[in-house]
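Look at the two complexes coming up: chain A is in both, with chain B in one and chain C in the other.
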Partner chain A sequence: MHGIGTALWAELKKAHHRHDLWVILASAGVIIGWVMAVECRHPTPEDLASFYAGLFYTYPLVNSIILPVAMAVLASRLWDVENKCDACKLLFTLQSPTALYTSKLVLGGLEVAAIAGLETLSVPVLGLLCHATQPLDGTQLAWLFFSAFGVSLMLFFLEFALSIGFANQVPALAIGLGGAFIGLFSAFFPAGLSVWLPWSYYNQLMTVGMDWNPTTREIHYYTNPYPVWPWLVLLVACLALGFVGRRLVERKEA
Partner chain B sequence: MEAIVTTKGLCKAYGTHFAVDGLDMLVPQGCVYGFIGPNGAGKSTTMKLLLGLATPSAGSITLMGTPLDRKGRLGLLRQTGSLIESPACYAHLSAQANLEIVAGLKDVPRTDISRVLEIVHLEKDRNRKVGQFSLGMKQRLGIAQALLGNPRLLILDEPTNGLDPAGIQEMRALIAAMPRLCGATVLVSSHLLGEMEQMVEQVGIINHGRLLFQGPLTQLQQHSRGNISLRVLDAAKAEAVLQASGITPTHEKGELILPPLRDEYLAELARTLADKGAGLVGLRIQTKSLEDIFLGLTAAQSAPAAPEGKAV
Partner chain C sequence: MIKRCLVAENQKLHGAAVWLAFLIVPIFPAVMGTFNYQQNIALLQSAWYSLWTQHTLFYATFFFAPLVGVYAAYLWRLEHFGHNWNLIMAVPIHPIDLFLAKFLVVFKVTLLTQGWVFLLFFAAGKLVGLPGLPPAEIVVWLLRGTVGSVPVIALQLLLSMRIRSFAVPVLVALGGSVGGLLMNSAGYGLYCPYSLPLLGMNANANSDKLTGETFAFLASVAAFTLLFFALAQFFLTKRDVNAE
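Let's turn to the complex of A and B:
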């Protein structure tokens, strides 16, 4: 035993009554509600003809505001449950620090995937509800899921390492809040700066752009090529943050 | 008797400060071993070292005849139960759920949960959230977690901390009964000697990370011989005799107080006092409380004045 399976089972047991599901539903609900408020109110035939492009443009923007905070909350709750009852001194006699850390990452990853999944699922549902006339592009839909999941996972790794590093959860939550602001305004930052800001990657992975004509007040959506390099950055960041987090847990002498 | 815990030259340094300094500990199997020392003496650090929760700076640990190393640590600890400082219970979960988590991680059948709840008298509260428990109940739940899987060794760090008098009494009785109830050897720490006297058979006294005494409680109690008080009719004559013998007495409530002396020497002195006309009418050996012995041992740590025999 003491494999990841048992450790993950223990994590699911601890999550009972911790209301993680409500955090997931609330995060996805706020994002979807926000996008609905922007895209689904009295759409014109022209809007419906570019309905999905509008969603693929708006979702990453809203993600960059909501998801950094959601990731901070999820990561903090996941580790704080051990902090609150000083559980490491017991757990480390029953399982290895690596098993504890990995199982929490897997559970956190599943929670992140659930939020990204709900968001992705909402795209065709909103299209049906609003009678979108634009055909749904499956590749764009998959891209939305993977980019929301990938960037959020990196932010989760970051927040999780912060939660382990600081017994007080305020730094992790403060960085999550700060990240939301940075993410929102990162579209206006120079590319050389944005590349160093983890919260900017929701925008960097966007493949739908927008032109707004102030005279005619018309919006024109266009598509960009699928970028590859941000995925490499995400991969390296996840590996590095995962390594740092694991070392922090291993070095925690209870 | 076979040893269940052995340490040799165990050290733990934090920077230049040694929390544990060359500890040679030996806990015989099947007993309740009291690990006593003032706050900050190194008790908790030693227990964390025994559980692999801290890495020794030097020395070795053997548990149940097997050296404790990084590789085999979890396998060995599967045969131990521990409660370090305060119980690690999730307040948002019930007692049952808390025990299920520990049972799952220990690979112990869920049926064992009822047994340990019965031992700590928490059967009726098994479905209550731990957040609603009193400190005493949480402490008992911590013991129940430690007891899951019938461990051969229980390591309990100050388990009576923060309990009310009734809770303390209950916890002491529970710990004293562990070898009989579960067949487990118990290593229990406390800074309260009086408390230990009521539940342990073997004692280790630690201060500044060093073991000052180790052995049966009865042996420690043998060191309880204290000062000798003399009641005499003529104090001046008695003092002259004592000073001639190289003893300077002090005065206390009309009696002369002498330091501890060997029985043979004391008998000789009594005869001399009688012969010289001091009028010896009373001789009483004051008995030191265990508390006094402990204070004596810890205070004398800097000077080489540990009790003869098993002092280390």
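Let's turn to the complex of A and C:
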């Protein structure tokens, strides 16, 4: 544990010099800014009466476009810093590959939590700014945080393994971009296919649905039950991807 | 000197992983756009034009600029390794020649990407049974989108030159695309570089959005491109002390 604590301290220092905070703020800023532009522009009293439902519907959709790329960026930056100076050989004389890998995963997890936290915090703030009349459902708010965090963490693990596996970082970014497409359209896929697509879980964990009436042009939001089984998939995927990533780091030593 | 720079930059692309992004990324909007077209065929009655709206809806809006960002970041990546910046500043070439060479190479890859997008569009149209050939107007829109990409290429090269990270400029491009979409919806598309490819490709529109505004579009492209080249010239000549 001592080795991991020291390694995490070193990673925090590297993150400070890489200006990771700006990447976190930029990622959350794009998401919040976009949702704000969609939901807070000239809202009618009807819009304000279902304001939070609108946010709980829009945030996962915007997440599915922005966060796969943001996760690729976070993961790529965390590992690429070692690629640039071919630092692995030197680092492994000072710390174990497991300590290096675990500390980077913990730091990445904290960064993912920060993005999900800022997004969640923006919900009541936007409600206050726009004078929402709908009461805020605390369970839905917590669900938004945990689903944004859980799915993004899985994607971060995937992108981190890709960043370690491919030194040039193009595959990580290209898969992040492709994943954003898949995530966006995954609502139209059959359930049997979606379950295998990591980027589809932003949609699968959505608990607010929408009906749009093309004749009256009215939107009606409804709630779905909270799904449990996707969390099991996320847990298994994180464990498997974490194991793959660790093996890849260990092989760097050889 | 520019010739030598061009040869060097082209060499970097031989067998490069960037072709993976070039091949794979445009397939997603083609497949998804075609699927969306088939699902809404009752509403989408303008044949090739309707298919075009579905293909470009997300490609031009969110994924074109980040793809260009990947190309640009890849060409600067080598320069950020080790002490290569010192080497660049010491070689007997004008720094802007290096930037121009990278610009021309990224423009070439972008043009090829647009060709690939058109091939996928044509194949998808034939697969869903659209008659004849796509209208020439769509080819014009595609080429005009490439013209609209010129300031985006210059900006992404500038960002990738200044930010010593492969990934961050790509995230900026995605954020810029969202900003470009919002500016375009507000009617200020000509004032945002990231809106220009979207306007040029006439994304998600059956009729030409730039009717009567072609001059303003070209002026915007020229102004932004000159601005980003001037900034590149400034950073490469006045701020080279930042090199390691």
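What we mean here is this: the second predicted complex is superposed on the first by the 251 of 254 C-alpha atoms of A that agree within 3 Å, B and C clash if a C-alpha of one lies under 4 Å from a C-alpha of the other, contacts with A are read in each partner's own complex, and residues count from 1 in each chain.
Heads up, the rule we're going with is that a residue touches a chain if its C-beta (ideal position, glycine included) is under 8 Å from a C-beta of that chain, and two chains touch if they have at least 3 such contacts.
Since this is a predicted model, take the numbers as computed values, not measurements.
Touch criterion met: A:Trp9 reaches chain B, while chain C stays clear of it. When the shared chain is aligned, chain B comes close enough to touch A:Lys89, but chain C does not.
Contacts of A:Arg18 after superposition on the shared chain: both chain B and chain C are touched.
Touch criterion not met for A:Thr98: it reaches neither chain B nor chain C.
Ranked by how many residues of chain A each touches, chain B and chain C are led by C. Of the two partner chains, chain C is the only one that A:Phe185 touches; chain B does not reach it. In the superposition on chain A, contact of A:Ala37 is made with chain C only, not with chain B. In the superposition on chain A, contact of A:Val170 is made with chain C only, not with chain B. In the superposition on chain A, the residues of chain A contacting both chain B and chain C are 18, 84-85. Interface of chain A with chain C (complex): residues 18, 23, 26-27, 29-30, 33-34, 37, 65-66, 69-70, 72-73, 76-77, 80, 84-85, 166, 168-174, 177-178, 180-182, 184-185, 188. Interface residues of chain B, counted against chain A in their complex, comprise 48, 51-55, 74, 77, 80, 82, 84-93, 97, 100-102, 104-107, 129, 145.
Residues 1-2, 6-7, 9-10, 13-14, 16-18, 81, 84-96, 253-254 of chain A touch chain B in their complex. Interface residues of chain C, counted against chain A in their complex, comprise 16-18, 20-21, 24-25, 28-29, 32, 35-36, 39, 58, 62-63, 66-67, 70, 74, 77, 80-82, 165-168, 170-172, 174-175, 178, 182.
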